[in-house]
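Below are two complexes that have chain A in common, paired first with chain B and then with chain C.
Take a look at the complex of A and B:
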């Protein structure tokens, strides 16, 4: 859209808003849609936006040269995790295409399962300034890739979560090569042990953030880590060999630890955490959820040592008495976030005491605290006026009265989880007064009808995520309100809302930004409805059609034609045949994850042909276990070699009767 | 070799004539002259110049007598109260020593002013300092003791510089008349005291040594069996063999034919061939251990300056003759055995070579500098020590390493399904050669698709209700495409 100014107007908008002013405005525009609108104003705005943009997440590699080379000169951060068919060759070609790669500082390659050490080596040698690389969930990445990474001497931030092939040797190479490393994530790298951590600590003295979750490391690693002087955040989720003795090593107070996450460590008790607190008076975040420990008065009094700094405390799954909650309230006044999900023994009285002292609370998680009633909501609405996030899943004793108070007291609420709270339309009417709501979860609230959705549609214009799982009363008419009012909706869950038909989906097709749509078990929806969704919702990335038994090949053709950005699809139990499947897999270049179980109308040859037609670009595949024998071994080998992980599901499979033996 | 001589056989002449190996003359003449058990052990030869030959070593009481302090700067002459010249020497020595310590303290002060690098290092230095100061004090007292003959005796317990003077002191020994004690009463009390003190001093020295251990690269030392057993000083006697003795291939020689043997038992077997008299059970049986409880023997290395040498300040005796041999060869000899596999590792003890050859080539842990290690922790220790070194991957197929680890993982029973693991291993095999599956070379349509499937597909296409015209034209185009010739979509 080009602005053409009639010559009679003396001052065009460009004269008033110079580029640097526009750039300043852009600092405050985060949402992708808003930025798009901004770009479309005029050339001048477009220029400002392209100058301002620092990060890019391209969907297709082939446009990268023109994007990076001409349009966005100041890109520093490039996320290639959603680029389709990314492998060593295409990456090398892209890197060779221009000098702009040399300016890159951050590169994201999460789940880029096709990229190997050659690609990484090319990347690292081409980008001398590179500071951050994300390779998480590239499961087949091994020591050879680590060796390539080690050549990036300036690397500060590295994530190799779930790179299953990385061993101590790989980590050691990275430690030696990247001595300036500050943040490292090696979660789920199951072959890394104490010896690797020890060397890491010796070589990378600037380490600040370390994620060792689910590793087999022992206390010796903690002893080594305790010598790091700049250390700030440690994550030890599910480290079963860590115990209190190890945490006592951190007690030396030599570093400025701010955050510690030891949730799901079986052998850690409150005593170990107390000793950490003893040594680190600046601790801000403690997550000790699901540790097999109890919350003793001694521990709570220890919390008073970090009274001023503690912001986030998570005690999920522990047993806490009323007096314990009262103690937390009096000892930690500055709490911003508290997690009490699945805590036993949490009552109205305790929460009342807690919130009356912690008035800064912004996020409260009370998931599965079954005993809580409206009194809690009254207390929260009275004291926590800044509350933005409230999770009340399965707190079924709460009524519309309480929610009315929440709506008046906590008007800044952004996120509320009411799954399984069996709330009704009246409660929803109250809650929708919080017009800033972005996330609303109403799963399993069978009482909600179109009336409730009308309240949502008319009040919550900023809603981005709505969960209506098994809200069986919801019908097409209700969806029309959503489609009219919540134009920003990105995620929508309508699973098992069985009254919905093609008409409802027709309404939803006006949601331009919808990226995530779950339509499980909607038996009344046919290919027609999916076609309208595919046509209207251009941003669709994830689609779940499991058990929509009326959906056939026509829907696949429509998706193949219009939903070019589709990355994940579940068409298990649909009436899709080999032809539709073939068309889908062949045409959708971005498709990465496909769940294809119990496609009773698809023959084995249909599978074989469709998977071959996909050019093996899929990263994740779910297939019936019987197919393991029936598909050609060469195909399976090819798929796996391209980085595709196949999950075989053992479900009885009925093949298409048209299968010709 | 001691046992051989205890047979009481005079073989010196034969030995001299029929030497199988080139024996240095010194041994054949001087040390094999008498048939006592210690004759060819040069028992502390250098420091007992006046006594060595005339001593009757069979007598235990006297055998342990030589008490040599001469190596130390404090030379004590029992006949003269004190010698001005010696005194001067002593004092200047002390001065020098104090000066040295001053230097050390200076350096410590400097280090402290900076940020202390290693807390360990400071402790080590302190230990060394303490040891040095102790020895100075001892020296000082002993020097002063010379001036005052009347209190000399009382001071003895403290004036003997620990490691040197008390070496061969035996509490059970009767003291010789020429010992520097005017008082002839058996000074057992003092001696015990002396031993105790010596032990204390020694302990402190040991501590120091332990702290210093990083610098001690000869890790084999501990295998020499010389780790300090807490023997009381003087409860054992120190023997020192000449280096030629140590290096001799055989230690037991037939008195008749001169053939050499490594073991006495073998010699006895051999002797049977020389006549009936050697076949008697008495001759064949192991010489009885009979006799009085013998003194525990400890050995000293003849290499001056070695810490296994009895004159070394922190003398650590060697336990057995084998230890002496291995120690001497490992530490003071050329490494003449070269590994036939790697042609780089050298050894001076044959057994070491054999041990190495057993494992040579199995080193799978490789450093970027080319060094290989048999154990991962050794490699990581090496990498931690040297700046810029990094573990390296084997140049060719690295999968052996990885897959073995995977097996280990499976063994540990981690929450992976077997499927999961297999996938992983399979993928690993492709890790290196991903290139061969490039997009260009991969053509999905090379597999034939059966005509029947086509038929079905076509029939569907014809009946399909919502296929738009563009879809059909799309199909038409694709059909003409040569690469997609089998495919109708």
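Take a look at the complex of A and C:
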């Protein structure tokens, strides 16, 4: 750790606050930032935190022996998804070298594209207690890895979403070997069919949660699944071959299902869901967004059967009338969350009826319900006082009057989406009275100025995410208020706020917890601004600088020197040359995702050199299509062998293509 | 159980203060309870890990809780929040004392309150708050 040695507190305090007591206090401290402050107070607190820590997310494999073996004796959960240069052999060697792996219960290897059967086999044999493994998005994983997974007899939670190589054979091996499986995710594993699901259901009788989204399974799979006794949650997003007949199989008296997601299933209608409700009177979550069906009165009266338990209902993209909404209100008055995004026919009257009956609502999604006006906001503020999340994207008829009512009525609001609404500074003055706000989205609100940001900075001190996409009146002065008031800010989007200059970025550099920063199209920002960001924002993980034409190599040097946690970067259309690019790709150890399109100042040799120097830690690359012919085949082979996926983008090579505004 | 309720014990703190309490109140502390059940306690129970000032506050809370359980007015939540309306230094001592006496719900209450006070502060602020002058 490069931090200064923490001072020790005087003996009396450390004698009173014994390690046991500190561990009890730590049980109640959850936020990562707070835990970090805690452990940096003194050695005593550091010891307590090390003993208490149950999960770890290392960036480098080579430090694991000392971390797991000596410093953190209670680790049960290991997340290796950001560990750079993780490949099969290094993982297998690391596991073989120490006995501290034996206590592990959960291992995360999402997107660890270098891992294969050797590493998994070593993991499974060395960790007898292992109950959860996450291999999602490891696209190269196939049946050989599944065979290795099958040896983990205690496995209860397995995610192999988007492991494109897994077929029915692999799934069969896992079903036979892991009989205690309770949760399985096989989203996008397109090779799996009804045969695999049939055997899975026969062997893993304890299955509770199953995600079969986008698979080409048919109604026969549903017939098999209906025989499971403890089945609770089913996800069938985008399953084209499922229809009402299949859903009817689920109506067989088991009554265990709590959650069903059939969004984007083209052949499912309300009748199918109605039969599921008939058989499972404890349903809590129904998601039927984007199905090609109507919300009929018959369906709505069926909903009254699950009146007491239904909490979440999503009807995105469906046509619904005022009487329909009124029916929902009277039939499901225990609703906590309702999704009506992009629904046609939603008006003030309907929503008014809905919220007057469903007073427990905590989350309302009205994205793109263009006809709604301030009347809806008045109704919501009157009835839904526990509201925490409100999405009103593109509801442009609403004014500051309505927002003022929301602020007074719903003081617990945590998240609000006002993208493309007519928000001005006065509306913000009202809205920021919700001082608990964590997420505020104001994209495309071109009337917001520094005055509005001043309100945000002074009142919303807990803000973690702020979206000011294309809020063109925002300038440096406004950013100074943000930097002073919103110290916990983690995500900030300032794309195309062209008035921002280096001075604004200087203000932002005091935000220690800023991890995701988007600065697309800021033509007035130069490398000096980026240097101050790199120096001050120590937690920076994602940075988007596309179109910042004044950014050059000096910014790359600064990022390479200071932004050691950077994992994702977009420098397309910047004035970066081969020298800066090479320094960036070589030095940043954690970099996994780089978008390098239209770097007009970098030559082909520059790319070649920089990509070789990256030492194959990159997992995703976006490059100009022309380079496919120009880069050496050996380099491309090497990158692909180490698990890097390259996207080739065909855009004409234009110089100074940014003078659009 | 009548005789058990009316019996009194003396609790002696580390700095020599003595408190005469009903056995029912003293039994709120698991440590004392097990001592009494195992027959290891005389009429005076010594508690070398706890100072008089904090012992009296804990005894006070236990008395109020026993009275509430027997059908008094007020709420348990109200009693608990009154107990932790103290400055940080005293809270730390109370937490350590509850831990020593094994009154588990007081340990949970005080550690939760301490966690709430530490959350959101910077390292310097935590250090200053824990300064032993308090």
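Assume the second predicted complex is superposed on the first by the 629 of 661 C-alpha atoms of A that agree within 3 Å, B and C clash if a C-alpha of one lies under 4 Å from a C-alpha of the other, contacts with A are read in each partner's own complex, and residues count from 1 in each chain.
The working rule: contacts are C-beta pairs under 8 Å (C-beta built on N, C-alpha and C of every residue); 3 or more make two chains touch, one makes a residue touch a chain.
All values reported here derive from a predicted model rather than from experimental measurement.
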item	value
Chain B versus chain C as contact partner of A:612, first or second or both or neither	first
Which of chain B and chain C A:577 touches, first, second, both or neither	first
Partner chain(s) touched by A:41 [first = chain B, second = chain C, both, neither]	second
Dominant toucher of chain A (residue count), chain B or chain C	B
Touched partner set for A:16, first chain B, second chain C, both or neither	second
Touching partner for A:455 - first (chain B), second (chain C), both, neither	neither
Touched partner set for A:31, first chain B, second chain C, both or neither	second
Which of chain B and chain C A:249 touches, first, second, both or neither	neither
Which of chain B and chain C A:87 touches, first, second, both or neither	first
Contact residues common to both interfaces of chain A (with chain B and with chain C)	none
Chain A residues within the chain C interface of the complex	6-7, 9-10, 12-13, 16-18, 20-21, 24-29, 31, 34, 37-38, 40-42
Sites on chain B touched by chain A in the complex	365, 376-377, 380, 383-384, 388-393, 398, 401-402, 405, 409, 412, 414, 419, 423-424, 426-428, 430-432, 434-435, 437-440, 442, 444-445, 447, 449-450, 452-453, 456-457, 460-461, 464-467, 471, 487, 489
Residues on chain C engaged by chain A in the complex (per definition of touch)	92-93, 95-96, 99, 107-108, 111-112, 114-116, 118-123, 126-127, 130, 132
Residue numbers on chain A that touch chain B, as the complex places them	85, 87-90, 114, 116-118, 139-140, 142-144, 147, 150, 164-165, 167-169, 172-173, 176-177, 190-191, 195-196, 198-199, 202-203, 216, 527, 531, 553-554, 557-558, 561, 577-579, 582-583, 586, 603, 605-606, 608-609, 612-616, 632, 634-635, 637-638, 640-643, 645-646, 648, 658, 660
